[in-house]
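Structures incoming, each one as structure tokens.
You will see two complexes here that share subunit A, one where it goes with subunit B and one where it goes with subunit C.
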Partner chain A sequence: MKILIPLKQVPDSTVRVKVAPDGTSIVTEGISWSISPYDEYAIEMALERKDADPTTVVAVVTVGAARSRDALRQALAMGCDEASLITADTAAPLAVARALAKVVDETKPDLVLCGKQASDDDQGFVGPALAELLGWAHVATITKVVPVEGGVELWREVEGGHEVWKAPLPALATVHKSEKEPRYPSLPGIMKAKKKEIPEKALSALGIDASGPTWTILSMEPPPVRGGGKILKDGDAKQIAEQLATALRDEAKVL
Partner chain B sequence: MTAAETGFDLTLTEEQELAQRAARDFATEKVLPRAAEIDDQGKIPPELLREMGALGFMGPYVPERYGGSGLDALSYALIVEEINRACASTGVVLCSHVSLAVDPILHHGSDAQKEKYLPKLARGEWIGCFALSEPASGSDAAAMRTSARRDGDSWILNGTKNFITNGALSNVAIVFAQTDPAQKRKGIAAFIVEKGTPGFTVGKLEKKLGIRGSDTAQLIFQDARVPAASLLGETNEGYKIALSTLDGGRISIAAQAVGIARACLEDSLAYAKQREAFGKKVADFQAIQWMLADMATEIDAARLLTWRAAALKDAGEDYILAAAEAKLFASDVAVKASRDCVQIFGGYGYLKDFPAERHYRDAKITEIYEGTSEIMKLVIAEEILKE
Partner chain C sequence: MKTLVVAERKGSELRRVTLELAAKARELGDTALVEIAGERYSPLPFVSALAKKVESEKPDLVLLGATLNGRDLGARLAARLGRAYAADVTGLRVAGNALELDKPMYAGKVRAKVRLDLPAVVSVRPGAIPLKGAAEAPQVEKIEADGSAEKLTFVKLAATATGTKRVSLSEARVVVSGGRGLKGPENWHLVEELADALGGAVGASRAVTDAGWRPNEEQVGQTGKTVTPDLYVALGISGAIQHLAGMTSSKVIVAVNKDPDADIFKIADYGIVADVFEFVPAFTEAVKKARA
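On to the complex of A and B.
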């Protein structure tokens, strides 16, 4: 089975995000970048298939800035077999999905696993859009994939249990979580990754339609500074409960 | 003009950065949360070492054909810094295993010895140790009393080794013994001795101030018979092997010291930015800022010395002076940083509930083992005076 994971390089979760002076973007100078966490789960899920069946081929691709090569190298070091980069400084989500559809046409994976959303903009757009463009079966927010006769079983967590869907291949799923935590790249994995070529193409050279509905960021603002807490201590339990209910209703406006 | 074009380039390569990141993520997520428990229990969970082995940390610069990761000494220094930033006990198990057991086999072992031992050691399936010090000989290693006597196709070892890091944990020990006392240094030989060799036992375990999770054991040899094939190098090469091994080991102890010092700085920064006194953050007081500024500057300087020594080793150049300077300076930086860390934490710094006191106890050993600071100065003086 060949599994393709489109991944996105995002600011690392430890980065303290700052709004840039233009007011519509974040400061990217000097920050560290990572593979988006849900994409890491997708990689882990695919590599677990590869552990079980070594004939599995796991490929990763990204549409992004040249620095995204580091994220691909990291995925190779984790154990992925192939990686390719489509460079674009900016790309509308639909253009990204179209570019990925082109990659799928060329590389013919049996299964595409996407993170359910990228941790930077949290849109969750590209996975379903790609399935739509390909005309493939799509199951969202899976936690497990099991190859079965005639396709794959895709498990989803639901309230109090899980659902099991069956899809013929090829299929696309978005990943909520893998069974195990994403593995660390091993040092031998890093050395193997070093020897692999990462072919690169410009998004503009793919000949895809970059039009379509898109959006513009009007402004970005940091969240308001958190005010201090309030301790209710005057009165007995009943009075304090009343004060709490009043504060939640009138001040916090959550009741 | 880029840094590379000037010919002076401190940029890490892509794989060095990946190795650093893998070690940092692993150390932060898997080692750091257990560091206090490791110190308290005096024991490292075996699965932690197994996981480090599986990730390739236990043989970073062992070539791939011997089951290693095939990286370089600088990558190893980066890994050592990250693991020690989280836990100096786990860090010293790594340093001793790689620098003092794997390294001499890699550089002085026969093909058969390399094939037999390196894959197991590099994958962390076996742990190694280095048995040089004795009750009456530490820095003065040539005064050792442990003897090796040839008997047919075997050597018979007798004597006691002291202060052996990983001594109890190890499956294999590099043991130094005198084959001909009249020859003094030239009579010392090195042997690869496996745990389970009849006559070879582990004696008492030392109770220590710091690095309490790593074991420090006495190794006892009573007519321990090892095959002739366990001789490492030639019979007269033991002393040379010991010294050159320690030269390399110093780079890893320097990296360990940088890791401990970084833990002091990072923990101090976090605490000083959050703790308030006299109506403002502790970090707003200049007295504290100066301590933090000194720590940051000295850590950078210590790291650069360490990287230079590792880079010289990778380039195949003489690194004796560089390694001694790095170890002397970095260990001093770690001890000072740990003292200031406790001071910044104030009363809390003295409590086991906070990491500062652990850093304070862990840092001190870096000025003592693998050559004391006084021995480092001897080495440095000898190097700079010999021209």
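On to the complex of A and C.
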């Protein structure tokens, strides 16, 4: 089975994101970048398939700035087999999906795993849009993929449990979580990844226009800072519990 | 301005978010509500039926709840129609020929205002639009999901043991979350009893869902659910930046942690430096009394 994972490089989850002086972008100077968390889960899910069946080939691709190469390198170090970069400094979400559709047409994966949403724009658009452009069915927010006769079973997390859907191949799913935590790159993995070539093409060279329906950012601000409030500490557990319940009812008015 | 609201039901009742969307749509102008009837949500049959409706009615705006299914359906609908799309917005206004949206980005670490040209598809975070008083029950037109578009086969529903009797986490007005400080799944009755006393939902930190103490669906944070309840109670949670990303917009935050230096206290309105095993049962009793 060949699995393709479109991934996006985003500020690392530990970065304290700051708004830039222009007020419409974030400070990118000096921050660390990572593979978007759900894409990392998708990679782990694919590598777990590869652990079970070593003939599995796992490829990653990204549409992004030149620095995105580091994210691809990280995916290779985790154990992915192939990586390719489509360079574009900005591209509308639908243009990204078009570029990915082209990659799918050329490389013919059996399964495409996207993240359920990228943790920069938090949209969750590109996965379903890619399935739409390909004319494929898709299953959103899965936590498990199981190969079965005639396709794959995709486990979708819903309120109260999992819906299990069977999809014929090729298929696309967006990933919510893998069974295990995403693995760290191993030392031999890192060495191997260093030697791998990452072919690069410009979005325009694919004949894709970077425009499409999108938004214009008017302003950005950090969420209001919450000051630490009161620490209740007078009395024993029972007394403090009663003070708290009273405060929540009479002062905060949330009971 | 013409808006089509996609209605969702939980059981036989319209979801609260649907009422919120209907109220917003009425404020914006012409409003119609449509519900897609099918045994269960699946993208192709739902998007096919909805796209047909949108093409015939030509609303300027399609509004969906940013629920599990609403987000998925909205994304695919926007792609099918080539319309502009914004997911999980927390506010919207009309500005000339466009919408001005409040859009949380970077897992809630930034609040952006964005302009989105019409016609558009937008999903709105549950709880983001305040409902004034009792909402009138809106008229909802039912359309059938287009089963002929289906390419998937439904196999089964594998239910989690915890069941679904409580309110859903992302719509709950009160959320009580437990962290690693609870020590193990066998102690979760403490979290549940407090949640029941408060009439709220149960959440968890990722340390807890990763350990398999609780199902993934209860995880709050950057890679879990974003919640904005009136009251969020964090029990034995340290307050890692990724957890905060999912709950700092709560109206009132209560934290119980035995470490006075825990980061969670930096954002809590009420902090209690205590052992959860001692404090939580006392608090549950106090809540019952205060509400009686």
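Throughout what follows, the second predicted complex is superposed on the first by the 223 of 255 C-alpha atoms of A that agree within 3 Å, B and C clash if a C-alpha of one lies under 4 Å from a C-alpha of the other, contacts with A are read in each partner's own complex, and residues count from 1 in each chain.
The criterion applied here is as follows: a contact is a pair of C-beta atoms (placed from the backbone, for glycine too) under 8 Å apart; a residue touches a chain by one contact, two chains touch by 3 or more.
Source: prediction; values computed, not measured.
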More subunit A residues in contact - subunit B or subunit C: C
First, second, both or neither for A:Ala193, with subunit B first and subunit C second: first
Touching partner for A:Tyr184 - first (subunit B), second (subunit C), both, neither: first
First (subunit B), second (subunit C), both or neither touched by A:Arg73: first
Subunit B versus subunit C as contact partner of A:Val146, first or second or both or neither: neither
Touched partner set for A:Ala20, first subunit B, second subunit C, both or neither: neither
Contacting residues of subunit B [partner subunit A, same complex]: 14-15, 17-19, 21-22, 25-26, 54-57, 60, 64, 68-71, 75, 79
In the complex, subunit A residues that touch subunit C: 10-11, 13-14, 16-17, 19, 26, 37-38, 41, 93-94, 97, 117, 119-125, 127-129, 131-133, 136-141, 143, 153, 155, 157-168, 174, 176-177, 181, 212-223, 226, 228-233, 237-238, 240-242, 244-249, 252, 254-255
Residue numbers on subunit C that touch subunit A, as the complex places them: 40, 42-44, 47, 68, 71-72, 75-76, 78-80, 82-88, 100-101, 103-117, 120, 150-160, 162-164, 168, 174, 198, 210, 216-217, 222-223, 230-231, 241-242, 248-249, 251-254, 260, 265-274, 278-279, 282-283, 285-287, 289-291
Subunit A - residues contacting subunit B, complex: 70, 73-74, 77, 184-191, 193-194
